[in-house]
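What follows is a pair of complexes built around chain A, which joins chain B in one and chain C in the other.
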Partner chain A sequence: MSNPQTMQIQEISAHSGPVPGQGTQRAAKVCKYIDVTTCIGCKACEVACVEWNDHPFRETSFDNTYQTMASTEWNYWNLIKFVEHERDGNFMWLMRKDQCMHCEDPGCLRACPADGAIIKYQNGIVDFQQENCIGCGYCISGCPFDIPKFNPQTKKVFKCTLCSDRVGQGLEPACIKACPTGCLHFGTKQEMVQIARARVSQLQTESGFANAGVYDPPSIGGTHVIYVLHDVTQPELYGGLPANPVIPPSYTVWKWLAKPMGLIMAGLGVLAVFFHRVTVGPKLPQPEPVITEHPDEAESDRRETP
Partner chain B sequence: MSSSVERIDREAREEFGRRGRTVVHRGELLRHPVYTRVLHWSVAISFVLSLLSGFAIYSPWLYRWLTPLFGGGAMTRFLHPWFGLAFTIAFFFQFLNWFAPMRWTSADSRWMRRLRAYVTNQEKSEPKETGFFNAGQKLYFWLIALSAILFLITGVLLWFDDVVLRWLVAVSYVVHDLAALIMLAGFIIHIYEGTAAAPGTFRSMTDGTVTRDWARTHHPAWYEEVAKNEPREDRDNRPTST
Partner chain C sequence: MDLSRRTFIKTTVVGGVGLSAFGFDLAPVYAQTQGLKIDRTTETRSTCPYCSVSCGVIIHTIGDRAKNVTPQVIHVEGDPDHPINRGTLCPKGASLEDDINNDRRLLKPQVRRPGAQDWEDISWDQAFNEIGAWVKKTREETFVEKDQNGYTVNRCEGIGWTGGCTDTNELNYLAVKTMRSLGVCYFETQARV
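Moving on, here comes the complex of A and B:
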């Protein structure tokens, strides 16, 4: 499952050549499973993320909740969203660990114009390669989860890597290792979906959460981070998780169809004017018509310039 | 155009005319004064830089070819909006400079109807009513004016895309590309018409002059107008600076 072989590159942003090593090995898809219903909001995952990725502790912001800051930042990739919710007259916490969802069809990668700035491994991890990033920020608008964040100092974009450096060495992501309640799991997509489904039926039959379900949105081909929610019909409740996340059509239709078409048209345009010159020829300045007394010459002149 | 704008343009023309000069030899006519030429090449240089740096980001096919010209992907991305801004400013002044002669007339509509005859070279000379600019040139001018506005709006949105709404960036991205393609189509035709398609045209933007034959062939109405009050050939033609 989580061994170096799964780190074969599967997709490269804005890449015109073949993808190296694609399809040479059968690679298992990895997945992080987050059981929102057993999260206690301890923030151990937040700290583990900051520690492993060697981020400095940054300023927090207080807005009358337990949430560390308003949203993830370029150097704060893992954030538990705290939502105070009322259900059947009773108060309840909705605590969702927010980070990159590692979409099967990543909007950031679709939007990226820089060759090799975003890659997707065969195991499903979507990773940014900052040395190739040009800082245009298109990935920010391509992401349906508002995850990539711009660092104005380096003019590069950063986000959760699903600890690709750890996964590549056969370790689980840092957040998983730190979680004390066991609400975080890591394994193959198949296994994680299985465990999540079992938890859902438990929630439905034993805990009275009839709408409990697995959040694995098919609109972007599923994600490599899945949630179990108390109420999967209202994902927006959990700090703005989109019910139907989509990549802007301009990044798929326009980029992969219309852009090559435009280039081909431009190339044909250049060829067209070249062959116009070769076939129809130039318009040369015409000499001044000669005014003459002899009708014959005037006639011939008229024939030349009808 | 308001009179204050006209005054800015006129004063710039006069100032450039004093500093630079255009030598008009016997048998030639002044076509583009110094100010117009400086504007044209400012627009042209900033346009080509914008085009190349933009095309580097436009398509993966061109990314590896064009980004090295500007010092890599990140530098290309950094420079492109500044090239675009330079283009917008240069074109703004050119717009003021050419706004009046680019006014569309009924003769231009008639010209457009015989576009096929023009393209296939069925007529060796332009119709008698073709003035300083023909309808094709005017169309190109107004297409650039339209694209420039689209470029400016969408370009600013894309420049600061980390703070602009997500859907707005996604839409701007398409509109910006469309404006580029419209402009590129015109640009290819423009270069061709200015060089290989009509010999004697290119010098009008370098030396500023054209031959009388050229003027009579391509812009008969303009020729008739200037030929009336041009200096006689048997007189001493002192270098004029306009």
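Moving on, here comes the complex of A and C:
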């Protein structure tokens, strides 16, 4: 693609009607593959994210774990969650790279009431457009993974962009490029799912992880960030990964019932005004009330002003 | 029904404005992404200075090396063509940009004298002269010409040499020549590049 850097949009938050030109061009669905089983927790992805996005260096918090801080922040989009786990009497690290999952059916986008503040590109990246963000924070509660974070200074919400600036220019995301163990991989969704399945069968047959599997939750249409987990039946172990992530039903009711109803009623109101104007006509000035104390003066005034 | 042309236009315009206020406009199909910050930067290949793995890095500086531009490092990332790391970096290597743009980066020789509390700034000339004098003094004091069996060994046992991982073959060649000629036995060039 050439400058100015653009990517074709598939979905726009709070946008009435279809997205113009949707599906006119082919676009490969991109995907991040994260093999939790080969992550060594080196945090190169964290640093690469901070460096690429020019995020400020911030104080880290220590909570008796190697984790940099408790959760991702509005200017810290990529965090390795360190979980100390015991399996068959042996100690074991579970290190999961926590960031935006870029859902196929994004809860943030469904919840967002600002037109164009959250968009989903044809290639699957869900991106926030901060100039359209109104800072209401609905995306924060709409996200099943607790990813969007509010910046109290600018009153805007930020999250991982899957390096849309790099991907739009044909590069891979910064975190993927840095990973020294190769547990991160980037490519089309199809290819990544294939690699993940091959790795899962390897884990099951050769490494004794019978419950190993791919985390690509179908409840939100799949994600554009997929994990290979040692035990896919217990994703909660990995720093609170939801087993069955769903968009809160209140947002569905609001978006698909309350909001269209409201718009229809507003439209009917406009139509009523239109037809009232056409059929009844404009409201004409009424004759002034007659002042009874000085009937002669009132009579003469009315005559002077026709 | 009393519907004049003027009334029709007026009501249509009002209705149209009302409709577009409720979001019936045609939004752009494309969204602009943030500009690629390394789009037209000068790329310089280098070697990560940390460990002896010696990963290749690309240093991105602003400007196109024109005469009137002072290059400033804005980004460092792995060199995908480098056979060692093929684009990857560890967290230390990934943070090289802030190693270069750092207030605490050492840019001049300093010395802490025996017993002194603080580091003292000295000139390069003074540093070379002092190091030369110490090398000469140490070598003369610790030089072993013959070992206990009477064999000629010509060892300088009071000096050790450690190379850096970014040292090139050429620098390591000179270092080995120099150290061997002094009789230094304890040296490690970290010759990995």
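We adopt the following convention: the second predicted complex is superposed on the first by the 252 of 306 C-alpha atoms of A that agree within 3 Å, B and C clash if a C-alpha of one lies under 4 Å from a C-alpha of the other, contacts with A are read in each partner's own complex, and residues count from 1 in each chain.
In this section, a residue touches a chain if its C-beta (ideal position, glycine included) is under 8 Å from a C-beta of that chain, and two chains touch if they have at least 3 such contacts.
Computed from a predicted structure; not experimentally measured.
By the touch criterion defined above, A:M69 reaches neither chain B nor chain C. In the superposition on chain A, contact of A:V83 is made with neither chain B nor chain C. Of the two partner chains, chain B is the only one that A:G135 touches; chain C does not reach it.
Once chain A of one complex is fitted onto chain A of the other, the partner contacts of A:P20 are limited to chain C, with no touch recorded for chain B.
In the superposed pair of complexes, A:V214 makes contact with neither chain B nor chain C.
Once the two complexes are laid over each other on the shared chain, residue contacts for A:I195 go to neither chain B nor chain C. In the superposition on chain A, no contact is made by A:L237 with either chain B or chain C. Residues common to the contacts of chain A with chain B and with chain C across the two structures: 14-16, 115, 263, 266, 270, 277, 281-282. On the chain A side of its complex with chain B, the touching residues are 14-16, 113-115, 117, 132-138, 140-142, 146, 150, 155, 248-251, 254, 258-260, 262-263, 265-266, 269-270, 273, 276-277, 280-288, 305-306.
Taken in their complex, chain A has these residues touching chain C: 3-9, 12, 14-17, 19-22, 24, 42-44, 46-48, 50-52, 54, 57, 115-116, 119, 121, 127, 129, 161, 164-166, 168-169, 171, 174, 177-180, 182, 263, 266-267, 270, 274, 277-279, 281-282. Here chain B touches chain A in the complex through residues 57-64, 73-74, 76-78, 119-121, 123-125, 158, 161-162, 164, 166-167, 169-171, 173-174, 177, 181, 184-185, 188-189, 192, 196-200, 211-214, 216-218, going by the rule given at the top. On chain C, the positions that touch chain A within their shared complex are 1-3, 7, 11, 14-15, 18-19, 22-24, 26-37, 39, 75-78, 80, 85, 87-91, 93-95, 97-98.
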